[in-house]
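Below are structures written as structure tokens.
Both complexes below contain chain A, partnered by chain B and then by chain C.
So, the complex of A and B:
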């Protein structure tokens, strides 16, 4: 059996890296590296959930780690990667309302806000430091994901912001509320459908329906088009 | 004043001064290799300094005394700084040596006088460099203060000697948050030494240059002193970063054998860091001037995050 204190230390280091990845998703300009950062972030989450399983021994956590690994580290990035190859956009340079610099400053504020908020909510509950820390990181990750959706312009990066927001919810769920496992599965199915829909919408939002159909055929994103 | 500190005061500045040009040359060499060139030898920086030392010093007719004493002042400030960053071993604290705030002010003094000396020669280029350097300093200095504050907060001391006595010898960073501070320190290292993506140290021709523009009018011995001061600054900031993230082998006792091991290990670790810097520089393009604050803000963000995490966990 591994020493729980040691595991706690490793989990805290992973928290730090999760926050770094959130900051990178806010400020990076190349689409490929935003996607890579998201993949790494999901992997970190899977690792956190696995380490927590080693500490607590709840089998749901192990399942969750496996599910996250399969869906968010392999499947979803694979889909998005395919879209990125087809739409031939490499960078997302447009920011609306907020420049990355302001977003980063704002996200410090958001982290502080979630800390202040959660310390009031959980003040009476005897939550251990690690779990409280995890909850703060989860909530701030959600808010930072929202910031990405808010400030990015391209559909794909908006979708990645949404996905990173969901990562935050998952993290919050792991450490505080314990969502039923079936809900987690449903959320992940939702996410996959969202990514599929985005893959269709991302290439065609700027065109009319006729052009849109041509575009989809041309890029071969949706091969089931023969039936139309 | 104890004997350990006296020994440190003799060894550390000399070691820093001797090793500093080596890493300038090493980074240049690594960049050359990344571009498929062979690059100058590792001792080229020393040869350049010797050559400059023997050359005539020419002053612009409009220049004042600032131009004449700045090189000496800069080198003195940096030599004083070298008493603050333990490279060969960590001495017992003595007097005010090692105070983070004094360290930051000495660096600011060097920056201020370099900017003044850029203006002093009366050329348009120097003035442009100074104005850029100062406006960027207004953004990087808060980040730098916060980064060092984070370091002081994590290790609960304002004295660099005490801070590094705590980290010395451990294989891994003593606290996970030190990883975050190191990112900030790395960005500060890049900015302070005027490297890509902030500035290009390899050219005198670009209109966007900052540091090179300020020393453009310097010649002969003065230029040699300024370059030595610049190299020393780089080595000291590298030292701070190395002692924070990878302090393995740094001795806290003033014994001959241990000092030799510390110094050798430091040379090795600095070599690895030089490799990282060289590759980092080669893999990026220079940023537009107005995008730089975003880069500095990363340093600020990670340092502020460090303090927050220390409070939470």
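So, the complex of A and C:
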């Protein structure tokens, strides 16, 4: 068996990378790299839950890692990539309300805030150091995703912000408690529906209505454009 | 059990995809709504509540009551949607190909909302509530216009983003229960049993998170920003948004607040509710004051009413809760009538703006009177039933603080003034054409008189000619308004029915309703 302390160290390093990925999603302007960052972030999440499985041996964690890998590392990024190709937006230059530098400073504040908040709330809850940090990182990731949704203009980036928020919620869930596995599945289904909806609407937003029909047709989401 | 319900409804919806004719699709949607209404009534009358079927299906007075309101709203909206979508398709605003999707989302919305209401498990409730958001967003975005897509996206992002916070709150709750019971649960009934043994600080934290999510769903400020856009852009379904989605949010808040009532953190939670309520009312009242768009006016009025509902819940006395629950029902009745009328005016004038409304009493008398009476009802004038509801909530709020009562009262007056201002401005606009015809008539009479008196006719004829020319001109300039939009019976009847029902409840308070509301108050643990 692998030494649990060693695994804990690896997980802590992964935490740092998760935070870096969140910061990159906030500040990067190229859509392709935002998507890549999201993919990496999801992969990190899957890795964290796999390592936790090695530490604790709960089979739900292994399933969760597999599910995350399938849906968030492969399926959703692939789909969004196709959408991005269709709508031909390469970069998301517009920021509303907040410029990247300010939002990065703000997100440091958010991390500190969630640390302070959770250390107060979890004061009487006996969580180990690692799990407490996991919860903090999860909450900060959620808040930073919200920041992305606020400050970005393009729908695709907003959707990626939402997805990264959801990564945060999932991470929080892993470290604070063991949610029933069926719940995780339901959330991911919900996520996929939402991504489908928003990205299809994003295609519509990017074009006039006639073009929209053609693009939808090209995507072959619905055969013959019967439904939408 | 919920599985069986979903399977049955799934089969039903698949059946709904078959028909090609609009009439049949609409009949299915209306039938679906009616079925839900009848089943709810039957359950209320026959079952010995609360009952539980299987692990997740749970019926009690509260969720049956909310379902009753929801199904009633759908019953009115389904026939109305037929006329409305038909006229949208004539104008080319709605692609006929999308009609099927429209009805699919419409039916699915009711099904998911029902599933959400009756699931005992808060996590299931969360998932189904999320799905209702998706369906509603489809309904908002369905028109072939960029603004609609914009409004739909805004709706999805704000509500779903906030709902993720609600999920964080649920994780907190789960942890709490795992600590207190040994095994985690999110079943509302179990949580309710053991809530007194949970740690108050964590319970408050979970409530705050859940409140963000469901507050956004209910359209409570500052998470209300999706609401005016969605209302203004959605084709007639905004009525459902007000009737259903917002109540669903309030329902979630009611359930989680009931958990806190037995713990030590109840005062803080009720402070959160009252503060958010007051903020919503204030923000809505000031936004309404100079509002020129009718649907936006109604939307902000919804924000205001949700605020008042929150205050009613937050006060925490049985009487306040009783009237807040009653308020939920009446608000839906009146709001739907108002939105239906606004929809008819939108069909007539092609816009929601105050400036475009002209000759309203002549062109659309039913819609105009519904708007007038509905506005009187919504600002809480007797004999409409919102009067006693508002009155008792305000009366109870004095126990919290007299300043609160005063502030709410002033803001409510402001909102009433906003409605009066809008109606006076919009409905007093009468085109010159009308006065011209009247003058013309008068002239005709005078002409006769003149003839008998033997006065010079030339001068009169010249004047008359001028008048007719003027009439033609004004006729041309308002030609688009003069084409009267014929309102189909199935658009008129639901609107008038809702208003009549509201008026009826103002005059006569049925004994069964009273018993039902009292049972809910008891079930939620208010003594």
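Everything that follows uses one rule, which is that the second predicted complex is superposed on the first by the 208 of 228 C-alpha atoms of A that agree within 3 Å, B and C clash if a C-alpha of one lies under 4 Å from a C-alpha of the other, contacts with A are read in each partner's own complex, and residues count from 1 in each chain.
Convention: contacts are C-beta pairs under 8 Å (C-beta built on N, C-alpha and C of every residue); 3 or more make two chains touch, one makes a residue touch a chain.
The model shown is predicted, which means the values in this text are computed figures rather than measured ones.
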Taking the superposition on A as described, I'd like to know which of chain B and chain C A:134 touches: first, second, both or neither.
neither
Partner chain in contact with A:197 - chain B first, chain C second, else both or neither
second
Examine A:165 and indicate which partner it touches, taking first as chain B and second as chain C; both and neither are also allowed.
second
May I ask you to decide whether A:173 touches chain B, chain C, both, or neither, giving the answer as first, second, both or neither?
second
By the touch definition at the top of the document, which applies to A:155: first (chain B), second (chain C), both, or neither?
second
In the superposed model, which partner reaches more residues of chain A, chain B or chain C?
C
Which partner does A:77 contact after superposing on A: first (chain B), second (chain C), both, neither?
neither
If you lay the two complexes on top of each other, which residues of chain A touch chain B in one and chain C in the other?
none
As the complex stands, chain B meets chain A at residues 176-177, 179-180, 183, 293-294, 297-298, 300-302, 304-305, 308-309, 311-313
Please give the residue numbers of chain A that touch chain C in the complex, ascending.
117, 120-121, 123-125, 139, 142, 146, 149, 155, 158, 162, 165-166, 169, 172-173, 176-180, 183, 186-187, 190, 193-194, 197-198, 201-202, 204-205, 209, 225-228
Contact set on chain C toward chain A in their complex:
97-98, 100-101, 123-124, 127, 130-131, 134, 137-138, 141, 144-146, 149-150, 152-153, 156-157, 160-161, 164-165, 167-168, 171-172, 174-175, 178-179, 184, 199, 201-202, 205
Counting only contacts in the complex, chain A reaches chain B at residues 9, 12-13, 15-16, 19-20, 23, 27, 99-101, 104-105, 107-108, 111-112, 115, 129-130, 132-133, 136
